[in-house]
Structures are given as structure tokens and as C-alpha cells.
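Some structures are shown below for you to check.
One chain, chain A, appears in both complexes that follow, with chain B as partner in the first and chain C in the second.
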Partner chain A sequence: MHRFYVLPTLLINVVIILAPALLTIALAFFRWDGIGMPVFIGLDNFKALWADRVFWTALANNILWTLMFLTVPIGIGLLAATLLLVARRGSMFFQVVYFLPMIIATAILARIWQGMIYSPVSGVNGLLQRMGFPTLDPLTQPSTALVGIATVDLWHWWGFLCVIFFAALRQVPQEQIEAARIEGASFWQLMRYVLLPGIRSTITLMMIMTVIWSFLVFDFVYILTQGGPAFSSEVLSTLAYRSAFYDLAVGKAAAVAVIISIFGLIATAFYIREQSREFEQ
Partner chain B sequence: MERRTFVKSALVLLSSTALAAPTLAAGPISWWYETATPEQQGVISRNIIERFNAAHPDNTLSIDYRGAQLDNQMRVALLSGSGPDIVYTAGPSYVAPMAQAGQLLPLDSYAEQFGWYDRVLPVFIEMGKYDGQLFALPKTYETLGLYYNATMFEEHGWTPPTTIAELETVADAMLAEDIVPFSSGNALWRPTNEHYVTLAINAIAGPDNVYKALKGEIPWTSEPFVAAITKLNEWWAKGYFGPNYFSLNGEQQVAELAGGRAGMMPSGTWQFQHINTYFPPANAEAGFIGFPSVEGEPVFPLGVGSTFSIAATSQNPDGAAAAIDFIFSDETYGLMNTEWQGEWNTPLSDLSGVTLGEDVLPLYTEAMQTLAQSVAQDEYGYTTWTFLPPATVSFVVSGIEEVWLGRTTVEQYLQQWDATFQQELAEGKVPAIPAR
Partner chain C sequence: MRLIESRATLVLTYAVLIILLLITLFPIALLVLNSVKPAAQIIQNPLAWPETLRWDNFTRAWSDARFGQTMLNSAVLSGLTIILVCTTGSLTAYVLARRKIKSWKILTFYLLATTTAPIQLFLFPLYFGFAKLGLINNAVAVSVVYTAVWSPFAVMLLRTYFLAVPKELEEAALIDGATHWQVFTKVFLPIVSPGILTVALIIGLYSWNEFLIATTFLQRADTSTAIVSFFLLSGQYSSDWGEIMAAALIIVLPVIILFVLLQRRFIEGMAGGSVKG
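Moving on to the complex of A and B:
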């Protein structure tokens, strides 16, 4: 009888996730403008992507984005969480401060950075320029646009990771930490041999989720640069969006979505393998 | 409540709803609109919604502001048959695929009934046609021209340019004085790029060549277009567009021009709505002329930024047609253009019955009269967002950045432009091009 308890969630998943996913996969093999009748074209959408240099730029940007998010926010988050654990005084206050950017809507955050920080007219950047500093709006340069967007996302993201890691660190047995201290372990040794191994599964989960989320990134990129200038900050999701809603090439957009999903599936497979290993242990 | 009583009540409620359904279905008229500020929403509400509902007690016109993503929402809604009665598109290029897919109602009978063929400029009737049937009427028509800071020009002894050579002379003089020649920017609206492409192909290649390319008679890779885009690229390389092109938005362009940090602004007539906000506080006066051309005659590229159609699934098409007709009245034209210039220039063929408020900029009235005259005399150019099909427009917008930033050549840009256009031409997605 208890097997039927999963029915409601299963039904929701089939209707909301499985059906659209299957439709998207099917559409990847059609030419469709989103308005008329789809025409079956086999692998042509994928062939077109293979020959499209914007697709390769977008894919490279997604990989770069993933690398940035696998290192910078996780590193800062871990360091800050450990400091919160070691120096407990005021930890609640700092947790709230670090977490605050997460509760502000993405669109508002992006507009704040665009208008109040980066803008050469109304932002801090403009103020520095008027004071004689040769600063540039990073969003306007092909070489810095992606990093400029990532900075905004990193600023709002690392605090979330910090709070997650802090919660995990608090689960590490206090006796192990005390024992390490009595043995004379330095801060870095405590990190390396006690704390990090203690929250390994949390770090792994967050890294896997980071890979998945990095290939889904859309909001900050679309709001801040729409993939420009000259496609320099294009990522796969903005390419899919532009294909579907501006070029009216829904089939090509579906093909891009399928490729995004492949990366997500690989990351999910890693996660499931890690989980089953833990259960076995 | 007992089960029997509940069932009875439910049946009564259902039957009353069913009986009332035909009357209700004839009443509401839904209209989705793009982005509008609270002040602009007030203008629409006062001058259109409230007046229409007062004059048509059997209908209730309601407007829903859907923001900058209206096009996308509209496409999805029409596909699922749940869109509004009045279909507001981003221009004729969006109408053709929708008409092709049977999502729009032909308007020919309403055009007869309301006399639109006589009251609307013929060019715009042609532009709203697909396969010989009328599917759309333009909400507003617009053009691109050259705004300039008249006070700055007077102080420096510059005269407004009429030829490309004169334009470059003035622009170079501005650069020498550390003034940005073209106040421009695409920060919040990337398609701003195509304004400059439109100006280049019309002013340098000429409207006749653009017409031929739109009809598929010459390719976009032809020499006149190579010359036009090469010139545009030269302007970019020389710094005419300034160092902050990717940071500035449309309103900031006007602020830069009024503040004297830029001398000219190639832009559309929709910018008239910001002139009074920025020029008087800066103690400056604005000027507006047709964009200079190689031959010296100003070119007015004709643009239709948005159109009205009726959804094929509309439950109240008669009401929707009445609402569109109401917007096309002399009174509504006068009221809307008095409070909100540049966005409600409905293409009425006779403006003699229109009364505008005293606060309306004479510059705006003159510009619109000149445009109406050039349209009536078939002496107009072509804006990319009005006459090119969707995927070509999308490429024109994104691709020009690659040319400017040295990531592709002018020739490669035009080759891909032409390839995309030819494919859409073959698929019947090119909007109707009125005969020249």
C-alpha cells in the first residue's frame, strides 16, 4: 500500500518534467518556428550547432563559468564557514550578512550592479573615471564581460555556500576538533585532516550541484549583457533563448537544451555513484 | 450542507453560468501591452481605456502590462490558444508567421466596416497584409533621424549636416574637442544596434537598393551594402559612438546629448518623449533633421514598432475591432500625442481633424509632418525591424557587434545576413513590402 504514496509526486514529475523533457528531445530533431507545423529534419539541428562558432563560444563560456564557480565561491565559502566555526562570537550576525544577497531578487541585484557599480554614468565606475582613474565597465569589453557577470553572481552566491558549509561543519564531532587542538594541530592542519574530511559529502554535493547550475546559468547573463558584446558572454541557455524567441528556431534551441541536459546528467550520475558509495560504507 | 442540497446548488450555479456565458463572452476585451511606466499607464488608462469603456457600455476593455518580453509571451499564448483578444506585436515581421499559422483573424471586413482603407495611409495597409488579406494595423509609425544639440552647434558655429561628408566633418570636429559625436548605447536594448545599421544602409546604399534586396532582386552582399557597412564600421573605429556604447541606455543617450557630452544622436522619433525632460534643465535646445545621405537629400527610414491584430481564437472579435478603431480616432490621436509623443503616431491619412495640446514640441510636430509627407510621396527608407524577417533581424543586431569588435569582417557579416534572409524569403517569412 505504501508504494502508492509516491504516486502524487510521480504524477507531478511526469506531467511537469518528463513530458516537457521528452517533447524537447523530440523537437531537437525538427525545424519549427514555434508558430507553424514542425518539420522533421533528423540531426540537422545538431549539425548546425557543430558548425556554429557561437555555440562553441557559449560552450567554452559555460565550462569557464563552471570552473570559476567550482573554485572561487566554494573556496571563500569554506574559509568563511571555518572562521565562523573557530570564532563563534558574532557568527549568527555574519551568517545573516553573508546570506542576505541570496534573498534579493536576481533582477534587482543585476540592475544594482549594472547601474550603481559598473555604469560609467551613474555608478561607482563613473565616479572613479571622473576622479581620473582609467577604469572600464567590465560588461562592455569582450575580454572581461563574462568575468564581470560572474563577479555579480559570485558575490550573491558564496554566502549561501558559507551558510551550508557552516551548518555541515557544526555536525563534525566536537571531540575530533578538541583532540586535534590538544595534539597541537594548526588551523590549516585542522582544516585538512579534520574539518574537510568531516564535510566531504556536503562539499561533493555542492560541487555536483554547481556543475549542474553552471550549465543552467541564464538570469544574470541575460539581464546584464544578453550574451554580448559580440557573443563574448554568450552561454548555452542564452543561445537557446535567442534561438527560440528571436530567431524563431525552436528546434535548434531544443538541441542546445539537450546538450545542456547531457552535462547535467553526467553530473547527476557522479552524484548517484557517490551516494551509493556512501551507503555501502 | 447536505449532499443533495450541495448538488442542487452546484447545478443551479453551473446552469446560471452557462446561460450567462454568451453575454459575458461578448463583453470583455483583453489587450496585452509592452513595458510602460506608471505615468504612461495612467495616460493609456485616461485616454483610451476609460473613454472606450464609457462609450461602449456593453464591452469592457482591459489592459495587461507584460513588460519587455511581451513578444515571447504572446507567441506562447497564441500557440496554446489562450492569448488576448487584441494581439499586439513588435512589428510587421512578427505578423507574417502568425498569419501564416492561422493565429490571426483577417481584418478586411472590419476595415470595410470602419472605413480603415480611407482613414489609414495606404502604405501601412499594404504592410499589414499577408497573402492578400489584411491582418494588422500599425499602432505607431516612426522614423530615424539625427537629433543634435542646437545650442552647442550655435556656440561652435557648426551647421547641421546634410551629406555624409558634412556629417563626418562635424563629427571629426567634435572628436577634436573631446565631444562624443554620436550619443548612443545599447545597454538595456541590444536591438539599438540595428538603428545604426538601418541608417547606414538607407543613407549610403540608398532606399532603392534596400527595396531591391528586400524583394530578393539583389543580394545583401552587393557592393552598395558593403560600402554602407564598411562606412558604419569606420565610424565605430574612429570613436563616433563613444567609449560607453555598451553601458548607456536610450534615456541616458538623451541626457548625454542635452548635457553637452555628445553633439549628435542618431535615433528614432520615440526619443521626443525625453527631450523636455533633459534639455530645458540643461539650458540647451534640441534640433532634429533627417539623417544625412550621400546625395544630400535626407532619408527617412520608415518604421513600425508595433501592430494591432485580432486573435483567431478571440471570443469577442467585434469588440476588439471596435477598440482598435477607437485608438485610430482623431480624438485619441490628439490626446495620446499631447501627453506621450513618439509612441502613438497612428498612421492616419488626414490629421486636419486632430488637435494637439499647447505643450507639444513644435520640433515633434514638424518631424511627424515631414515623415507623413515623405510617406505620402513614397520617398521613404526601410527600417530593419519593420521589413526584415525575424531571424535576419536577430542576426543583423548581434552580428554588427562582431564587425565593430573585429571578430568578423564586413563581407562575412553580409554573407551570413544574406544567407539567413534568403532562407526566410524562401519560407515566406518576409513581411509585405509595399511597391515603390
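Moving on to the complex of A and C:
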């Protein structure tokens, strides 16, 4: 029976993702150090989080992160994509270069920025300081650490959006653009009334994905600051990871994971609704 | 599509595009430039042209990050993951692309939903479960985890390739008495092989670069991947940034060469897979 061809995928998915995910939800109501017997404690993990300043910092950072990523890279990506449309030659070349950071490992990108740009010893930052500029290493300041990390992620991310938007823009029907041109629309009017509405569904989808990904962000934070200094750049995923593997508070970590998932779930509902339109066709 | 603009607009357009290009390339240029400089010169000026080429940065990086072992580990892990994802993924895509039954739609949405689940939602029980079963530091176990995480993406991408195969081909083969297995292997696989190649490339890239799962499940020195051993090398206090950048370049170079040769496949696979669904 050919319908059993889905079994390998499904089996691996259930064993690695679904079953452990259900266990995580259950663990959120237990105290567990990962070794002994879990002890049922009801909502205590959630109550402890409610009273935990670091949790609120992490949640606020995730929300701030979401807002940054909903605006800056989508804005730059859209701008660059429309400019690629205007440029007559070389759009393929620019596109490939903009995409390049996406294929390099996050661990490596993080270290390049940390050592070669931000570092007051070995980076461009140190060079500026020796020349007399009062620059600081953003990663070591509680007020700027999160923005410092986000800059690295933004830098590596916007090119991906640019490529997607550029591909979508090229699908906008030529007749619509010509009609607008004949009626004397300026470039900005063309953007506002023809091009942006033409790729609205792509922008919406990317915004939904941005919200989902913003609550999953882990690598750059973990590698650049480990949530520091003084938990100022902590996000929910690093808080969960540290709780589980450094403090051996697996129940607390599970509770944080459940909270991340709730935010993800809301965005996922939108995502699936948006995607299902495509499957209807 | 082409917009006709005035000369001034064009100049401005290219100016902005080139500024964005320089911003993108600046950190990557620093990586290449400083990989051949002695640490002392980097501390003086990371932007300066190298006075002497220190090729021994690369040999020291190779031995300090134990790349002889860890690159091999990464290659084995990537290879295993590619094989697992491509075989299970194409089987599933074959079914999902052809049957218009309600339950298949539910399965499709379930797979879509798992792509958006945070790793932390399943990581902790999985880790402690694997620890109990002695599966920590086991490359096969990690490749199964990777397969679970990335196969929804692979299935969605492959599905579009399977959808493009004409229905008549399949029907004709079935009428001639071919089994579904024969239809899958003899009719579909040759036609969708470009799609499978794209998926293999992207999955290979993802597993080569992956950090969170590798650093959690492959802790012993002799099982860790190149990325994890780079992370450990670059996290030491007495940092020789020339050596660290050389180590980074060793990991990145094969990826960049592949990307330059097969850019279209990479871009279509990564951008198409996440948008088209």
C-alpha cells in the first residue's frame, strides 16, 4: 500500500518532536533535575516565572526583537528589492551577494562580528577608540547588548528577505505596471498602489514568519553574550536552555518552552491559514 | 519586468545597491583579510593589509580545532542526514502530491506546524531520554533529530516538484500494470531528481552549519562537529584572532565554493521552501 510511504517521515517526527513536546508540556507542571523522579508541583513553575525579573526581561527582549525584525530588515529588504527592479543590469549579481551571509554558519558570523568589529582589543571598534572616538563595545553594555546582537542577525538576514521580495515583485503583472505608467504614476505612486499591493501576500507571510522566528532566536544570543551582561540580553530560548542544562531546573525550562510555544502557536495559526490558501488552488 | 527611469534615478539606485553590497561584504572581507595576519597585527589594525602572510594560522587552526577529526564528523553527519531526509522526504512528498484526501491535508498542516515549533519544546525530554539510552555522542541519533526537524521543509519543497509531474504518466504506468513502487522509482524519481538534488544541497548546508543541537548532543571531543569545535576554540580567553579567522575560513570555504557554483539552486531552495510551502 503506497499510502504507508508517509510512515518513515511520520514515525521520525512523532518520536523526535511530538512525543517529547507532549512530555515537555507535562514536565512544565513538575519539578525535575533531569535524573531523579519528577515531583508534581502544579502551577509552581509558572508562578515562579511570574515573580522572576529575568523572565520578564527575556519576554520583553523577545517582543523588542520581534518589533525590530518586523520593521528594519523588511524595510531594507523591500527597498533593495525595488531598487533591483529599477536597476537594469547586475540584479542577479547583487542578489547573490546579499544572500551570501545566509549560507555561513551563525557561530562563525557571530565570532567575526565579536572579534573583528565589536571587540575593543582586536576589532574595528578598538581601532576607532585608539583614534579617539568614544565608541563602546555594545555587547558589554546592558543597555545596548540586545541591539548589538540584533545588528548581527539583521545584517545576515535582510538579504534573504530581499531575494524573496524581488522574486515576488517580478511576478507582478506587466500590464498593471504599464497601465500605471501610461497614466503618469510617479515611482512612489507605482510602489504604493501597484507593486506593494501586488506582493502583499508575500509580505504578510514574511511578517508572520518573522514573529515565529523572533521567539525562536537562540544562536546569536547564546554565542555573543549568553544572555548577559546581567541578563540584559536574555531571551526566552536562552533562559530555557540555561535553566535545563546549567541549573538542572528542567521543569522551569519546560514552562518557558511552553510559553514560547504559545506565542509561536498564535503566529502559526495565521501562518497555516495563509498557507492553506495556496493549497486550495 | 523593467522600469524605465531617468539617469539620475539610476545613479542613485546603483549607489544605494553598492552601499548595501559593501555593508554585506565588509565583515566577510575582515574574515578573509585577518585569517592570514599574525594576532599582534590584528590588534594594531584589523583593517590593515597583511604585512606578512601567516599561512601557519591555517595549520595551527587545523590542529587546534582537530579539524582532521571534526570535519570528518561533520561530513559523516551531513551525509547521513541528507540520505535520511531525501529518502523519507521523497516517499512522503509522492503521497502528499497525488492524493487529494482530507487526511493528507491534515498531515500536511501537521508537518507545517512542526516547522514552527521551538526546538526547546522537545529538546529537554529528548536529551534526557537519549542520555538514558546511551545515544549522546551518537552521529546516527543526531542525524535522526535533524531529519525530524528539516523533513517538513524538504517534503514541502519536494511536493512542488512531484506536483509538476504530469498525471497521465502515472496513470499510463498504472494501467500497464506497474506497482506504486515501480511508478515511484521508475517514473517519478528520474523526473524529480533536480528537486532531490536541491534538497540534498540545502540539508547538507543546514547540517554542516547547525549549532544548537550539535553542541547539545555531541559533547565528546572525538564526536563533535567542526562548528562546535570552532565555537570552543574561539571561546578561549587567550584568543589568537588570526588563528580563529583561519579556522572559520576553513569551515566556510567549501560552502562558499559550492554556493558560487550552484547559487540558483541554493537561493531557490532556501527562499522557495520557506515561502511557497
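As a convention for this text, the second predicted complex is superposed on the first by the 258 of 281 C-alpha atoms of A that agree within 3 Å, B and C clash if a C-alpha of one lies under 4 Å from a C-alpha of the other, contacts with A are read in each partner's own complex, and residues count from 1 in each chain.
The rule is short, and it goes like this: a residue touches a chain if its C-beta (ideal position, glycine included) is under 8 Å from a C-beta of that chain, and two chains touch if they have at least 3 such contacts.
Predicted, not measured: the structure shown is a model, and the values here were computed from it.
Visitor: A:34 contacts which: chain B (first), chain C (second), both, neither?
Guide: In the superposition, A:34 touches chain B and chain C alike.
Visitor: Looking at A:137, would you say it contacts chain B, chain C, both, or neither? Reply first, second, both or neither.
Guide: The first partner, chain B, only.
Visitor: Output check: A:229 vs chain B and chain C. Expected answer is one of first, second, both, neither. What do you get?
Guide: So A:229 only meets chain B here.
Visitor: Of chain B and chain C, which one touches more of chain A's residues?
Guide: Counting residues of chain A touched by each partner, the higher count goes to C.
Visitor: First (chain B), second (chain C), both or neither: which does A:245 touch?
Guide: It touches chain B and chain C both.
Visitor: Just chain B (first), just chain C (second), both, or neither: which does A:121 touch?
Guide: Touch status of A:121: both partners.
Visitor: For A:183, decide between first (touching chain B), second (touching chain C), both and neither.
Guide: Touch status of A:183: no partner.
Visitor: Let me check the overlay on chain A: which residues of chain A are in contact with chain B and also with chain C?
Guide: Chain A residues touching both partners: 34, 121, 245.
Visitor: Under the stated contact criterion, what part of chain A meets chain B in this complex?
Guide: Residue list for chain A touching chain B: 33-36, 114, 118-121, 137, 139-140, 142, 225-232, 242, 245-249.
Visitor: Any idea which chain C residues touch chain A in the complex?
Guide: 1-3, 5, 9-10, 13-14, 16-17, 20-21, 23-25, 27-28, 30-31, 34, 39, 42-43, 45-47, 84, 87-89, 91-92, 94-96, 99, 105, 107-109, 111-114, 116-129, 144-145, 147-149, 151-152, 155, 180-181, 184, 205, 208-209, 211-212, 216, 227, 230-231, 234, 239, 241, 244-245, 248, 251-252, 255-256, 259, 263, 266-267, 270-271, 274-277
Visitor: What residues of chain B sit close enough to touch chain A in their complex?
Guide: Touch list, chain B to chain A: 71-72, 75-76, 78-79, 97-98, 100-101, 103, 186-187, 190, 243-248, 252, 255-256, 390-391, 393-395, 398, 401-402, 404-405, 407, 429.
Visitor: Which residues, counting only chain A, touch chain C once they are in their complex?
Guide: Touching chain C: residues 2-3, 5-6, 8-10, 12-13, 15-21, 23-24, 27, 34, 76, 79-80, 83-88, 90, 94-109, 111-113, 115-117, 121-124, 126-127, 155, 159-160, 163-164, 167, 169-170, 172, 174, 177, 187, 190, 202, 205-206, 209, 212, 215-216, 218-219, 222-223, 237, 240-241, 244-245, 250, 253-254, 256-258, 260-261, 264, 267-268, 271-272, 275-276, 278-279 of chain A.
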